[in-house]
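In order of appearance the chains are A, B, C, D, E, F, G, H, I, J, K, L, M and N, and numbering begins at 1 in each one.
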């Protein structure tokens, strides 16, 4: 197994793991936030615009952590500097 | 075991793991959101349109994290740049 | 152990694991949703059509994550591009 | 240990694991659903037909995830394409 | 360690594991269902026929998942196609 | 370490593990059921015959899963087809 | 390390593990049952004969799972068929 | 590392593990039982003789599972049939 | 596998892991904070400006820990001093 | 690494582990019992002699499981039959 | 793999792990503190200045533990004495 | 790595582990006991002498389990019979 | 890999781990203390000076455990006696 | 890797681990004790001297377990008898 293969394998594995694990917490957190929003609306229907607005800001914040993971994952698959270096070495050699 | 095999195996393994693990949290989160929605409707039937609408927006947000995992999984199976590179090497050689 | 065997073993293992693990969370989530629906009906029998309808939409969303896993599993067993490539190599060789 | 053995062992192991693990969550979820149904009936005996009907639909949905696992398990034991390929190779050789 | 031994060992191990693990969740779920039934009867003695009937249907559903595991376990011990194939090879040879 | 030893060791190990792990959940479940029965009797002493009867049926169902494990364990120690085959081979040879 | 040693070591290890792990759940379950019995007596002193009787039947059921483990453990130490076979081989040889 | 050493090491390790792990659950269960007894006495001081008696019977049952583990542990250290066999072999040889 | 490959692989793996794990806790914490904010608004709509302001300060503090992880991850991919040193060695050599 | 060293190392490791792990549960259980006793005294100061007496009996029972572990640990360090045998062999040889 | 590589790899791995894990607890703790602050404000709006001030002091204390981890991480990447020593050795040689 | 080193390493490792793990449970248990004592005093200030006295007896019992671990740890570092034997062998030789 | 490298790697790894793990519990504990303080102030605003003072003393005690870890970590990086000894050996040689 | 290195590495690793893990439980326990103290003061401000005094005694007891770990850690780094022995051997040789 040469260098290139190791780097490719590592990139594949970590790209999957990062997205797979990194989206767990945001999903759970969003589920909790949405659930509480529904409870809050049921309890105080008059405040539903404020609740909905706060909910969406919060969901955006939480989603951002999932985005970080997805971004790292995409960088590792499509813009991996280590892979590019190795390819350029293999090509230029 | 040559390079190609390693990359193929890693892609297969990670494709399965990413989807298998990555859909757990969204499922749980959706279950929680749906459950709370049902409680909320039972508690305040008059607010059911607002509740349902908020629920669907929330479910879409949560489902999005499952989609990320599924997308990474599909990329690894059907549009894997590392695999494509290795195949092109093997073919062009 | 040659390449073909590795790929076959990995596909078998991951097909099973993905389905085995990936259906856990949907099952639990559906159990929770159904349980809450029953509580809600008992608490507010008049709202049972709304509750039932929301429940079914929610179950469909949750079931979708189990379907993703089952689909990946079937792809790995019956439409595995890596396996097909290796077979075509072995045959064409 | 030759190819055939590896594939056989992997199929045996995964067939058992998939069913063993994959039926845990449905069992727990069904237990929860049944338990809630009993509580709901005790609390609102008049709604028992609605409750029972919703319960059975829910149990069917949950059972479906256990079925997925059992199906994958049976496919791996009795209709395994990788095993069939290897057997055909061994026979035709 | 030859092929036959590997397959035998894998079958033994998985037969035990599948039953050992696969009966945990049903047992817990049945315990929960029975416990709730007892609470429900204590709370609403008049509904005890309905409760008992629903309980038994539920227990049957839950027991079915334990049966799946036991069936897989028995198949692996007494009707294992991989073992049969290997035996027939060893005998016919 | 020859074949026979491997099979013997695997049988010993799995026989112990299956019983050791497989009786945990039934024990816990029975503990829960008994505990709830006691609470129910304390709460509604008049319903104690119904409660006791339902409890015993439930305990029997739960105990059945422990029995499955014990049966598999005994089969592996005293009626193990793989061991018998190997012994017959060793004897007949 | 010869066959006999492997079998002896496996028997020792599993005998200890089976008892060590297999008695955990019964102990916890009995603790729970006893605790609930005490609460029930404190709450309804008049029902104490019924409660005590039900408790003892329940403890017997739970203790039975611990007995299974202890029995398997003793079989492995003092009536192990695999060990006996190996000893007879070593002696008769 | 010869046979005798392996058996000695395994006996030492398992003797410690069995006692170390096997006394955890009884300790926790006794703690729970005692705690509930104290609550029950505080709540219903008149029933303290009945409570104390039931408590002691229960503690004896729970302690019995710890005794099983201690017994297995002592057997492995001081009356180990496998060790005795090996010693007799070493002596008689 | 030479030095460069090891460093590249380690950087890839850790970059993914750090982001994947390090964003879990912030996501959960933000979900909790948002959920409580919604409850608080529903309970005391008049205090919603104070609540919203405190929420945003808190979210910023929590998000900062996710940022730390993302920063470390980016440093490891794009500004890794160890990688730069190795590259300069390889180039200058 | 000769036999003597293995046995010494195993004894050291297990002596520490047994005490380290085996005293966890008693400590937690005693903490729970003491805590409940304090609550009970605060709730019913008149019953404090009965409570204290029951507490001490219970603590003695719980402490006994910690003593078992400490005893096994001391036996392994200072009265280890396997070590004594090996020493006597080394001396007598 | 020479010394330098080992040290580089260890530094990379630990830098990531320390930040990734070490920021989890502060994030969760801050989430809890913020959540309680919001509840407290909703419950007692008049005390909001005191609450906010105490909250910020507390957040600073909690954030300090995250800073420790980040500092260790930065030291390992940019001011690592072991790496510097090895580099100076390599250079001076 | 010779015998002496193995024994030294094992002693060091286990001395640390035993103290590190063995003091966790006592600390938690003492925290619980102290916390309950504070609650009890707040609830029934008149009983504070009795509460304090019972608390101190309880803390002494709990601390004793931490002492066991510390004692084993010190024995392994400063009065280790296995180490002494090996040293005496090395010296006397 | 020579001695020096091993010691350097171990120091790096442990320095990171100790700080990374050792600051988790203090962070959580401080979060809990701060949260309770906020609740207490909201409940009893008049006692806020006493509460704040007690809180700060408590935070200092808790922070001290995080400091221990940070101190050990810094000792391992900048004042490591084992590293110094090895360096002095390497230099003096 | 010679003896000295092994002992040094083990000492470093365990010194860090012992402090890192051993301070977790005290921190959590102190957090709990402080939190309860704050609640108690808020509930019964008149008893605050008694509460504070009991709290400090309790914190001292809990802190003592953290001290044990720190002491073991310092002994291993600065007064390690095994290391001293090896150094004296190396020097005296």
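FYI, contacts are C-beta pairs under 8 Å (C-beta built on N, C-alpha and C of every residue); 3 or more make two chains touch, one makes a residue touch a chain.
Not measured: the values here are computed from a predicted model.
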Chain labels contacting chain B and also chain G: none
Centre-of-Cα separation between chain N and chain D, whole angstrom: 49
Inter-centroid spacing, chain G versus chain D (mean Cα positions, whole Å): 30
Set of chain B residues in contact with two or more other chains: 1, 11, 13, 15, 17, 19, 21, 24-26, 28, 30-33, 35-37, 39, 41, 43, 55, 59, 66, 73
Chain contact graph, described as a line, ring, star, complete graph or other shape: ring
Ordered ring members, chain I first, chain K second: I, K, M, N, L, J, H, G, F, E, D, C, B, A
Residues of chain F defined as touching chain G within the complex: 1-2, 4-5, 8-9, 11-13, 15-17, 19-21, 23-28, 30-39, 41-43, 45, 48, 52, 55, 59, 63, 66, 70, 73, 77-78, 83, 87
Chain C-touching residues of chain D, taken from the complex the two chains share: 1, 3, 6-7, 10-11, 13-15, 17-19, 21-22, 24-26, 28-33, 35-37, 39-41, 43-44, 46-47, 50-51, 54-55, 58-59, 61-62, 64-66, 68-69, 72-73, 75-76, 80-82, 85-86
